[in-house]
Amino acid sequence: MHKRLSWILTLVLVCIITSYAQDKPCPTASKFGPDDQIGNVNYITPAKTLAATKLVTTGKAYRLAIETNKDTPAYPPRTFAVTIVQPSQTAGGSLGPTKTTYNDDLIVGWAGVGTQLDGLGHIGIDGLYYNCNKAADFAMTDGLKKLGVEHVPAIATRGVLLDMAGYFNTDIVKEGTAFNRAEIEGAMKRQGIKSIEKGDVVLFYTGWLKLLGKDNKRFGSVAPGLGRDGAKFLASLEVAIIGSDTWSFEVIPFEKGAGVFEVHQILIPLNGIHILENVNTEEMVRDQAWEFLFTLGAARITGGVQSIVNPIAIK
Amino acid sequence: MHKRLSWILTLVLVCIITSYAQDKPCPTASKFGPDDQIGNVNYITPAKTLAATKLVTTGKAYRLAIETNKDTPAYPPRTFAVTIVQPSQTAGGSLGPTKTTYNDDLIVGWAGVGTQLDGLGHIGIDGLYYNCNKAADFAMTDGLKKLGVEHVPAIATRGVLLDMAGYFNTDIVKEGTAFNRAEIEGAMKRQGIKSIEKGDVVLFYTGWLKLLGKDNKRFGSVAPGLGRDGAKFLASLEVAIIGSDTWSFEVIPFEKGAGVFEVHQILIPLNGIHILENVNTEEMVRDQAWEFLFTLGAARITGGVQSIVNPIAIK
Amino acid sequence: MHKRLSWILTLVLVCIITSYAQDKPCPTASKFGPDDQIGNVNYITPAKTLAATKLVTTGKAYRLAIETNKDTPAYPPRTFAVTIVQPSQTAGGSLGPTKTTYNDDLIVGWAGVGTQLDGLGHIGIDGLYYNCNKAADFAMTDGLKKLGVEHVPAIATRGVLLDMAGYFNTDIVKEGTAFNRAEIEGAMKRQGIKSIEKGDVVLFYTGWLKLLGKDNKRFGSVAPGLGRDGAKFLASLEVAIIGSDTWSFEVIPFEKGAGVFEVHQILIPLNGIHILENVNTEEMVRDQAWEFLFTLGAARITGGVQSIVNPIAIK
Amino acid sequence: MHKRLSWILTLVLVCIITSYAQDKPCPTASKFGPDDQIGNVNYITPAKTLAATKLVTTGKAYRLAIETNKDTPAYPPRTFAVTIVQPSQTAGGSLGPTKTTYNDDLIVGWAGVGTQLDGLGHIGIDGLYYNCNKAADFAMTDGLKKLGVEHVPAIATRGVLLDMAGYFNTDIVKEGTAFNRAEIEGAMKRQGIKSIEKGDVVLFYTGWLKLLGKDNKRFGSVAPGLGRDGAKFLASLEVAIIGSDTWSFEVIPFEKGAGVFEVHQILIPLNGIHILENVNTEEMVRDQAWEFLFTLGAARITGGVQSIVNPIAIK
């Protein structure tokens, strides 16, 4: 089907690329220079981190991950399984005089199951990835040679939580609801959030995770989420990372006229902004924890595309 | 070999267990009650977290993980590999009008490769695990039914870094060097650290990671590390987590008369203290970042034993 | 539950083992000597093979495997998945002047999914496996050190197909129907099979595979199959391998008073007879191909327990 | 590098494709019709099989596979590992009154490690595979939708073994030695093989497996093997399958002017001839077993590209 793209659309894309090309080497060039692999995460300076720690008032720490297992709904053909083994202890054996026994675990699964960070090597535009990297040059079968998750630095910055369910006065925001500039600013106003700033992490709460385990089919096929103009708006504010409590992050069905995961394209390759999916902010909403210290350490799997993560928010 | 344990040793163990058994239901019973699955992490209260955020003075955030890949030395038979795929894009295809392309990654590996958190289900004493849990009751092949890493809450607490290389006035502390009460207190005094407190995370720096990639054989077969009395001393201080920059965490060769990974036994099943391995604190030592805010979010893999992690320290 | 075994049963087992022990070193000792790892497959001599080739009259070759994939019902927690990759061809690339492209496949799954050979290292009696091998001595986490499937020699011998559905005059033999000496001899008589001989492969047809994909729950939870006396009878005839068209091979629910997979125990550890499961003989029954040349080459995975196979029968 | 192909070579390819295109729908069209997925294996009729069984004179059966494990040299990034587990038997447990214990095995590896069958979906020409199938249409990440190994029928046919080491009067034929028509006919003459016939399996013996485990670097980087004209010659004889005792099957370094794995292209997509690699015929050469019954049953992994196999030859 994607082969039958009309030449008109191709032409439009070529025009976009051409217009971009006038002032930078390629449409995905980084403003941080040709060697950059981390995008807007560069904005998280010690000064930014220090300021973010001042947002902590109660000391309550929130675990933002959902669980990852074989039943976690995920984008096909992603699967996940853990196998527990007891090496060297066959038939009830143990090790040494204090009879040490142990369990180990073998993971077989896709890094895109559960709460996940989309690295800058995840999404491209016709093979062109962040900072002018072409898939054929870095996306090797045994690991990305650039843009892998091992490059993501320590994340500790200001987090802002937008309660879209509250904004729409509902428990679960309806699928297909796009969050664009008006909705973002409306939610900020309602919550008394004065600004979204350079280097921030912005999280959307939609209530969508309430469907998990109850209606996995609906949960995993559609979602409310960020729209194209909302993505461009947040990109203009130079945020570092944007997350949501849905599997798709962006609105599905896609907005009228939008490409397939075009919001991902706007953020990741075109603006160097990482994405977080399935971020569980339910308890934070209950506590009205709107501005907070956000920390994230992604397992440094060399050449990894995505990462199963568990961000920690501290209010 | 472990089958040929003399009955004397068994008798000793039985005696130990019996003596323990006098005042609690089993030697691994939790002081936090029969339902507890997280041990001393319970000590990390909002008040504790709030106080820890006050330790931040420069805002510099440290990424404490090493990289995990097929070449990372690991305890046999642990292995690790990542495979990059481009689903639905065979032969250069893309998706939709904006020609979306993407990489995904399939992980096949053991959770004990690289920087790792040892969950409370990792180590036992002859099949008896933390809080009186018996392996046969919870260590199922498709995932732990108790003590899995998905239960670990948000970690944000005071971190203390002990510079053992500095204490021993060397670059790399020699293998077999045990850190017991004298060495711990000596290092604290040298660094001006007044106390180790309930709910703290204590990290040892030995310089051992300098061997990684240079002498993997030495790196992965022996190490300096915590001794039995040091473990009991830190347990008496009720710390939450203890980590080191070695693969084994504890001293190897084991101390004279010690069991196989007996320090692990003292901490995990007997005291509910999590362990961190291969924690890279090189840069923190250079900055003399001795007391700091320590945060950790372990991927919530249901029933997982260990977790590949990337703790974030903020000074 | 298995911990609550009454001491009476244990006593009975001890008695059995003791009685066996009078004339051989252990109840699972091989009649082919202490180094034997292949059991009755030893009976397949060149003379036996040569005679079997004389059974070929039409030259029709039968593929006896069912397909193995993620939907194939299997004994929990067994799973299976294949992932197709195009290494070095990201974004539509190809290799060299003749533009070579290629697909590769990564298998992640248990060897006990689909048509499978149970190796002699698969089943034991309280940790005692074929030929006096104890699990603790050979069942290492990274592969069996004895009794692995890599030792199975080329199999080419006489095959005999017993049409139990025909014998019971039904399409699908009812679950729980045990095949013992009377049923085996009855089926032989009905089909005009004069003898079952040393080194033969005996296959049972029950029609059970007709349920596959139609009623997987029934298919994978119960089955008709060999009973204990039938197993002992065939063992007394010194057959090499016995197979069936069910997942369990033996009758389930187990016969009254029988142990869990006790028929497997009678055949594998006690008699050195390999087992085949999910062997599709539907077409052979239609052709009344009762006696034939049976060939089997199991992939030689070092230290493997079972093997996904595809035996070839030639009539 | 492959991106820098000169337009001349592309033009040549276009010309070849164009000339092919005059009499069939595409250069890889099957002579067995548009639905064909098995190529020359179609030539293996019952009559052919029956005739092949007449070649058996001694009844000696040969196991032609080498072992597959983590140390088996394989084309990068292929890897292989087996993990042994004892489900439901943690801490020495067993099942039921007869104390059943069991081992299971989890396979994680590429199907192209060890003795392997290259399915017709393995190799293409710029994305065009056997019988006009385009990669984008059938090579899905979760399994091939056409040309998968599950379609390969029972193989039982005449096998012919060409002793190239004998022909070159050496133990191990030197790398880069191409087997073309002259060498094939020379070896046949030397061995007294009168003909190679439609539906035959032809195996080359080079002695190359003598290097396995002794000089894996040489073993896995170069090899003697079939050349382009030899491939075309055997294709003209309408053989079903061709195999060798090397990892690459074809000669490496490639012949002067040859494409990357062009011999694979000539056989698989252009002629529907399956390939076997790492076929161990050492013992057959010792026995001078030149013409024999060849049988092969490949595990029927749905959508699999290659298959780890163990062909059985009977003389």
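For clarity, chains are labelled A, B, C and D in written order, and residue numbers in each chain start from 1.
Operating definition for what follows: a contact is a pair of C-beta atoms (placed from the backbone, for glycine too) under 8 Å apart; a residue touches a chain by one contact, two chains touch by 3 or more.
Since we're looking at a predicted model, the values are computed, not measured.
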Chain pair equivalent in interface to A-C, over half of contacts matched, among B-D, B-C or A-D: B-D
Rigid-body rotation angle, chain C and chain B, from Cα fit (steps of 5°): 180
Cα-centroid distance, chain B relative to chain C, in whole angstrom: 44
Where chain B and chain D are represented by their mean Cα positions, the distance between them in whole Å: 47
Rounded Å distance between chain A and chain B, as computed from the means of their C-alpha atoms: 27
Touching two or more other chains - residues of chain A: 3, 70, 76-77, 81, 83-87, 90-93, 101, 106, 108, 127, 135-136, 139-142
Chain contact graph, described as a line, ring, star, complete graph or other shape: complete
Chain C contact footprint on chain D (complex, rising order): 2-3, 5, 9, 12-13, 44-51, 53, 56-70, 76-78, 81-87, 92-112, 114-115, 121-127, 135, 139-144, 150, 153-156, 258-262, 264-265, 293, 295-314
In the complex, chain D residues that touch chain B: 70, 77, 79, 81, 83, 85-88, 90-93, 108, 127, 134-136, 139-141
Complex contact set, residues of chain D against chain A: 3, 76-77, 83-86, 89-93, 101, 106, 108, 136, 141-142
